[in-house]
Structures are given as C-alpha cells and as structure tokens.
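In what comes next, subunit A is part of two complexes: it sits with subunit B in the first one and with subunit C in the second one.
So, the complex of A and B:
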C-alpha cells in the first residue's frame, strides 16, 4: 500500500516510453487535467459542501486567459497559466462573497448562471475572444530551449502541473483547514458554536478551487491547441462531477482513483461521441443508486457498520 | 459574592406573531450552576438562541461579563467565552471523538491558515495542547474507550456527552446546556451531574435547561422559571418547585397531557 504512490508516479512518468500511441498520450493528458479539476471541485463540493457549477466557468476562463496571454500579449505559456490562476482567483473572490451569502439552492442556481454567462461572453465578446471561431494555433510550450511539442512531450507539462496542484490540494485537505471545512459541511451551526466563522473557510475553498481549475483549463487549452466556446461544454462539468461523486465527495484518494478510472472507462466504451454522454449519465445514475456517497463513502459506511456491530 | 457572568434584560423574540420570548430577564452568577426551567414551549431554547447569537432578539440586552453581545455572530460569542449545546444533539457524525473536539477554534487562535497548511511550530504546539485537552475531556465524560470511533456509532446519550465535551473544549466562562439528560439512560444521569459538578469546580459557570426535576434540584443553587417567554419566578430549587404559580404553570400545560 505504501509503495502504491511511488510506483504509480514512476509508471506515469514512464508512460511515453510504455506506449507509442499519440492517441493514448492525448487521452492521458486530458485525463490528468480533468482529474485535477475534479480534485479542485472535490475541495469545493466534497469538503466545503458547495455544489458549484462555476467550475466549468473557471476552467474556460483559464483557457482563454492562457491563450490570450500567448497569442495577443506575447507572453509565454507559463505566464499565461499563472495569469489564468490569478484572474480566476480575483474573479472567484469577487463573485464568491455575494454567492456565499445566498442560501444553498440559490447558490447552485447562481453558479450555473455564472457558467452560462461565461460561455455567452466567449461567444459574443468577439473583440477579445474572437467569438465562435475561437483562438486557433496555440503553440507548444517551451522551457530552456526545449519544446514540448506533441502529446508525448506535452505529457510532462501536464503531469508536472498535475502533481503540484494535487500536492497542494492534498496538503490543504489533510490540514486543519480541511478538518474545519468538513466540520462546517457536516454541521454548520455546531461549528459556529465552537468559534468557527464558516464564510472565510468556504471562500478559501471556493477561491483555491477556482485558481486550480482555471490553471488546469489553461494547460488544457494548449493541449487542444485551440480555445473556442466549446471549452465551456457541460461535458467537462459532467465529467468533473462524476469523478467526484463516484470517487466519494470529500475523499482525496477516492477522487484521484475515480479520475484515473473515468479516463480509461469511456475510452473502453467509446462507440461514438454522442453515446458517450449517455453512457456517462447512465454510469452516474447507477453509481448514485448503488453508492450515494461514492466508493470512499461506501467503504466508510461499511467500516461504521462493522464498528457498530462490535459495540452492540 | 462575585458579579453575574451573564445578564439578560427585557429579552423579546417573536416568530410570525408567536411571542416565543416576551421580556425575559435573569442573570447567572459567575461560577454558579443556574437552572432555567419552564413548561414546553415557554421559550427556553429560543432565549438560548438569542443569548448565543443564533437568533437576533427583537429587543433586550444580553451582557457577558458586563459587555453587550448585541449584533455579534455565534462564533464571536463563543470566542468570548460563552458556549452552548443544542437540544437536538449535534456532533460531527463522520468524525471520531478526537476530531470532533479538535475542530474547536479556541486552541488554534493566532496560528493562521499559513501555519495550519505548513504545520508551523506554532501550529504543532497548539495541536499538542489541544489534543491533550481533548483527551482529558473525553476521559471526563467517560468515552475514552471510544476515542477512535466515528461519532455516528455513539448512542444518543453518548452523543450528548460528546457535545458537552465540545462545549467545554475552549475553557469557556459560561456553558449553556439545552436539555443535557433528556433521552439519556436514567442510570447515567447521576454521572452527568457529577461531570457538570467537576467541570464547575474548575470555575466554569453553567446555565442548564432541563425538565428532569431531580437533576436540576441536585445540581443548581439557583433556578429561573420561564412561562410564556417571561420570568415567572426564581430562587433556590426546592423553593421554586413549591411556588404555587410555578405549579400552576406546569399543571396548566401538562395536566392535560
């Protein structure tokens, strides 16, 4: 068990040598990036209990930020991704404060509205986004003269970013901040009676989630080579959510495992792009019925049941 | 004689025309164990909600050590040294007993998010102290055997004890307990009284809401009786329980039941 992490990491680093298929490498790149976005959503939904559809908005805004930095302002890929994080952080702070003051259901609705608004702006603010045509021809990133061209090389950029982002999310989740976030989610009035202010904690989760999601979107843009309004497609949001729910909201490792599984599964089932959405939806419904709290939640419930039986 | 740790003056709170608290006034002497009793629906829990910041009172004043608590959030009031438990018992079901108590903010005040994320020296010191205190309290309420069990497996009475420990965690000046032994196994009620007495010996004052007459009589030096949101009587428990007005208030409501 203790060896699982290093072994997995070595295998991931060695992936380009294990397969010659650029198709598989492409799947792997988008897979780790979507897993990062899912892990960020897990912080917001799984830890802080905020069902936020704003994630797809941050993902796309990050993609546009990174692309515009490179194509219009002459910046590097790296500064583009950094700016994607910064812009999303500021944006999340600005919309998060009023959003978090609304009630639970209103929050969900407002977050959907934000996501739809982002897609609308990307289509209509042609001066900046170039409208439905999008921004094509994003160049491969480079560092110290090395160009990460092609999926096999871009893989190292995506993997490096993902490891850093996941390390941050893991540190946050296992810290006292993570403990308090899940306490607020379990029983907010009790946390308040114990001296905890819920709002700053929720805002922290929301902002960190947005920064990480936005940066992942920024990296994704350069994997796709083009940014257009399709980056706001709900297919992405659906994937993030399925990964979190199947893995088990609030479980870092559960979500990570589900992320990897959900990359492999749809490829194995791949009949056509249209059918994929249906299959995804079907998997979600079945999983929700069988394990409403995900794999990690299901395992936890078994553990509690065993303990209960022992205490009788 | 020391002064009051809590003073409530002319407290009022209505819900859509129902006057839940209607001019209640009473005080809790520092270091004392005071009872707050009254028939069902007399406004006890609502008064506690107003005192602890969970409800905004329509009128009146709440003073903690002489300082007005008006407009403060529950978390600010808790940090000032007034904690409470809830009538509908509340614990973090998914957390084990230790985690339940480590959520409490007080031991970590001043550490900051950076320190918590990077596990700074200040954080680790606070964490060691907090864990020691948490284990002490778990021992006090007799749950040491279950320290690593998720709170979900506790019985109703055990959850009340855990909630009680949570309210004690920050070493508050005053703890308000809303029905600490309702639903608790009768054989264990004396133990709860003993736990309160021991915590009280450490200097913590208690305001206890409870319908169990024996529990209140054995524990409280002073009892306040609420009826229809206002104070009906107060005094030593045996005296209050013989007061004809009090008997009538209870009979008026409960004789029918």
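So, the complex of A and C:
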C-alpha cells in the first residue's frame, strides 16, 4: 500500500508517453480537474456536512476570472488562476456568512439560487462576459519560454495544479480542523458542548472549497480554450456530486478513486453524453438507496464487521 | 415613462398567468415536503412528463384540448405513484440530504433519458384553439393562456377543498403537523403519502400540459421552473401551501413588470436577487406558521 501512491504518481506523470492519443489526454485533463472540484466539494459536504450547490457557481466564476485576466487585463495564465482563487475566496466569504445562518433546507435552496444567478450574470452582463458568445481563443499557458500547447503538454499544468490542490485538501482533512469538522457533522450539539463554535469551521471549509473549485475552473477554462455560460451547466455539478457520493462523502481517497473511475468508465463504454448522464443518475439512485455512505463507507462497514466477527 | 393602461394590464395578466403556473408546481412541492419531508428534485421532470404526454396525445386525439389535458394529468399522477412506491417510500423523514440526492438522480435519469429518446429539440404543440385569442377592448390574450390560467385557478380551488374538507386532506395535514401523533391515532402514513405524491404529481402534469401549447415542449422545461419553485416554497415557508402560492403569483407579476419596464437583463436576475435576500432575511419563510395549514 505504501508504494501505491508513488507508483500512481509516476504513471500519471508518464501518461503522455504511454499514449499518443490527444483524445485520451483531453479526457485525462478534465478528469483530474473535475476530481479536484469533487474533492473540494467533499471538504464542504463530506466533512462540514453542507450540501452546497454553489460549487458550480464558483467553478464558473473562476473560469471567467482567469479568462478575463488574460484576455482583457493582459495578465498571465498563472496570475489569472491566482486571481480566480482570490475572487472566489472573497465571494465565498461574503455569501457564506449570511448563508450559514440559515437552516439546512434554506441553505440548499440559497446555494442553488446563487449558482443560477452566476449563470444568468454570465449570460446577461455582456459588457464583461461577452454574453452567450463567450470568450473564445484563450491562449495556452507558458512558463520560462515553454508553451504548454495541446492536451499532452497542458496535462503537466493540470496535473501539477491537481497534486498541489489535493495535497492541500488532504492536509486540511487530516488536520485538527478536519477532525473538528467531522465532529460537527456527526453531532453538532455535542461538538458545541465541548466548546467548539461550529460557524468559523464551516465557513473555513466553505471558503477553502470555493477557492480550490474556482482555481480548478480557471485551469479548466484554458483546457477548453473558451469560456461561455455553458461552464455553469448543471451537468458539472451533477458529476462532482456523483464522484463524492460514490467515493463516500468524508473519505479523501475514496473520492479520489471514484473521480478517476467515473471519468474513465463512461469513456470506456463509449456512451453518448446524454446516456452517460442517465447512467450517472441511475448510479446515484442505486448508491443512495443501497450504499448511503459510498464505496468507502461500505468497505469500512465490512472491515468493522470482520473485526467484530474475530472478537466474538 | 408613459404609463399606458393597456400595456400595464397586459403585463399584469401575463404575470398572473406565469405566476399561477409556477404556483401549481410550487404547491405540489410544498405538499410533498409537508407530508414526506422530502425536497423533490424530480418535480420539474414530472412537469416535463406532463408536457410530453400532452404533446404526444394531442395529435392522436385530433387536437382536442380537454381530453389531452386530462390524460396528461392522470399519466403524471400515475408516474408519481410509481415514483413513490419505488423510491420515496424507502426514505425516512430525517434523511434530508439522502432524499435530495435520490430525487436528483431520478431527475437526471428522466431529463437525460428524455433528451436521449426524444432529442433536445423543442417541439411546438398545436391545439384546437391554434393562436385564436380573447379580445377585451385593446387587450388580447390567446385562448390557451386564458384556459391555462383558468385551469390553475380551478386546480387551486380543488386543492383547497381537498385539504380543508375531505378525510384524506385532513390526514395529510395531520401528518404534516405532527407525524407521531398522526401515527398514534391510526392514520395510515404510507397510503396518505402515496396519495399526496400522486396529487402533487397530478398538479405538475396539469401545469406541464397547460404550459405545452403556450411555450415549447422540451426535456429541459422542468429544470427552468423547478429551481424557482424551490425558492418559492422556501420563501412561502416550507410546507405552507398558501404561502408558496402567494409568493409564486407575486413573483410572476414582479418578473413581467421588471421585464416590461427595465432592461430585459434585469428580469430574471432581479427575481433571483429577491429570492436570495428574502431567504437570508427570513430563513423560515415569510409566512411560516409550521405544518401544512389551510385557511
């Protein structure tokens, strides 16, 4: 098991040499970026217990921020992605404070409304976003004179970003803060009785989730080469959610494995996009009815059952 | 700005129409929440089913409006029963996130399944009334709109009467107000819940069927309404049907007035802004009194 992580990492870095297909590299790039967004959602939903549909809003806002920085303000790709993180952090702080005061039903609805509002603004605020036409022709990022053009080269940007973002999320999840978040999710009154104030912790998870999701969206924009209101398509949100649910909310490695599996599987089946979403929906229903805690939760239950049997 | 009375009245009537149809969907959503404590993400797709049944049945019945509408409402109510028996009956009242994710999955299967099967191309639905309309003075409305509004009003009358005066309605209110006490006096929870979902789905099918000749029928038609309906139900106070209906009608009017007087950009944006502010200021809704109450 100790070797699994380095081996996987080496294989991922070597991916462009293992395949010559730009199609596969394109899928791999969007796959890792969506997995990062799903891992960020896992922090917000799996750890903090906030079922937030605002993630798709942050994803799109990040994409627009990065694109506008490069196309209108003459910044570089790197500053664009950094700005995407900053803007999303401020935005999440601003809407997070009032949102977290609401009860959970209202929280879900407000988060959906926020996501829809972002999509509407991107479509209608034509002066900045260019409306439904979007911002086409985003240039490939470059560093020290090397241009990351094409999916095979862009892969290193996406992979580098993903590894950093996932490392941050993992560190946060295993830290004391992660433990406190889990405690709050499991039993909020009990956590409060131990002198923990839930609000700052939830807000931190919400803001960190927004920053990571937004930066992933910013990188995604340059992978697609164009940003238009379709970046707010609910399809992305559904994919993030499926990855979190199948992997098991609250399980970092489970979500990571599910992210890779959910991107690779439908492509292997060569399903059309609509059919893929039908499959995702069916998987979501079955998983929620049969394994409410995801594959990771199911494995955990089996492990506990085996331990109990041994003790008997 | 010159205030033209004809223009104002047309805006008012259009707003009322849209509001009434939102309200049908929102009332069903509030009903399901009140009795089952489930926020039904598949509710918009039930409306889409109603629209598609209308679009498919109308040509078969020689474009006659009323039988097709009845078929649409009944078929959707049946779909509601299937939805309840297969999925919703397995969810407990305290499993809030789980119920959202299950119904979201169902909504995905129905929406993308419809896109896969029928393609995403919008369909134009023709009825016996065509584009003929009612004219009072300078004000003109197509018959399909007038009838759509009328059907919605009738449906609300029926819903109110059902909830207030029938045994089934009292049972639904009892469960919504106090689940344990209702179980203690022997109210059959599952049967009442199934009927409530069927009723809510029927209302949705009615809205979808009535909307079909007014707008275009397409797989995504439910999605456009459902997110607004969520917010309406929360603004109205969860499970509070009159509150949701009032919020829906008010919102439909605000939407068409803003669209009529300001830049079109503000139309939908303003609605969502109002929703966010309302929900944040009053998280429990503007009219929260607890439980499913009428009158």
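Basically, the second predicted complex is superposed on the first by the 305 of 312 C-alpha atoms of A that agree within 3 Å, B and C clash if a C-alpha of one lies under 4 Å from a C-alpha of the other, contacts with A are read in each partner's own complex, and residues count from 1 in each chain.
Here, a contact is a pair of C-beta atoms (placed from the backbone, for glycine too) under 8 Å apart; a residue touches a chain by one contact, two chains touch by 3 or more.
None of these values were measured; they are calculated from a predicted model.
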{"item": "Fit-or-clash call for subunit B and subunit C when the two complexes are aligned on subunit A", "value": "fit"}
{"item": "Which superposed partner A:300 touches (first subunit B, second subunit C, both, neither)", "value": "first"}
{"item": "Partner, of subunit C and subunit B, that touches more residues belonging to subunit A", "value": "C"}
{"item": "Which of subunit B and subunit C A:44 touches, first, second, both or neither", "value": "neither"}
{"item": "Which of subunit B and subunit C A:221 touches, first, second, both or neither", "value": "neither"}
{"item": "Touching partner for A:138 - first (subunit B), second (subunit C), both, neither", "value": "neither"}
{"item": "Which superposed partner A:171 touches (first subunit B, second subunit C, both, neither)", "value": "first"}
{"item": "Inter-centroid angle subunit B-subunit A-subunit C after superposition on A [Cα, multiple of 10°]", "value": "80"}
{"item": "Subunit B versus subunit C as contact partner of A:258, first or second or both or neither", "value": "neither"}
{"item": "Contacts of A:157 with subunit B and subunit C, given as first, second, both or neither", "value": "neither"}
{"item": "Shortest CA-CA distance between subunit B and subunit C [superposed frame, angstrom]", "value": "12"}
{"item": "Overlap of subunit C and subunit B interfaces on subunit A (superposed complexes)", "value": "none"}
{"item": "Footprint of subunit B on subunit A - complex, ascending", "value": "171-172, 175-177, 179-180, 182-183, 186-187, 189-197, 204, 300, 303-304, 307-308, 311"}
{"item": "For the subunit C and subunit A complex, residues of the former touching the latter", "value": "39, 87, 90, 96-98, 100-102, 104-113, 115-116, 223, 227, 230-231, 233-234, 238, 265, 268-269, 272-273, 275-276, 279-280, 283-284"}
{"item": "Subunit C-facing residues of subunit A, complex", "value": "45, 51, 98-99, 101-106, 108-110, 112-114, 116-117, 120-121, 124-125, 234, 238, 241, 245, 272, 274-275, 277-278, 280-285, 288-289, 292"}
{"item": "Residues of subunit B that touch subunit A when the two form their complex", "value": "52, 54, 73-75, 78-79, 83-86, 90-95, 99, 102-106, 108-109, 111, 113, 116-117, 119, 123, 127, 146, 149-150, 152-153, 163, 166-167, 169-170"}
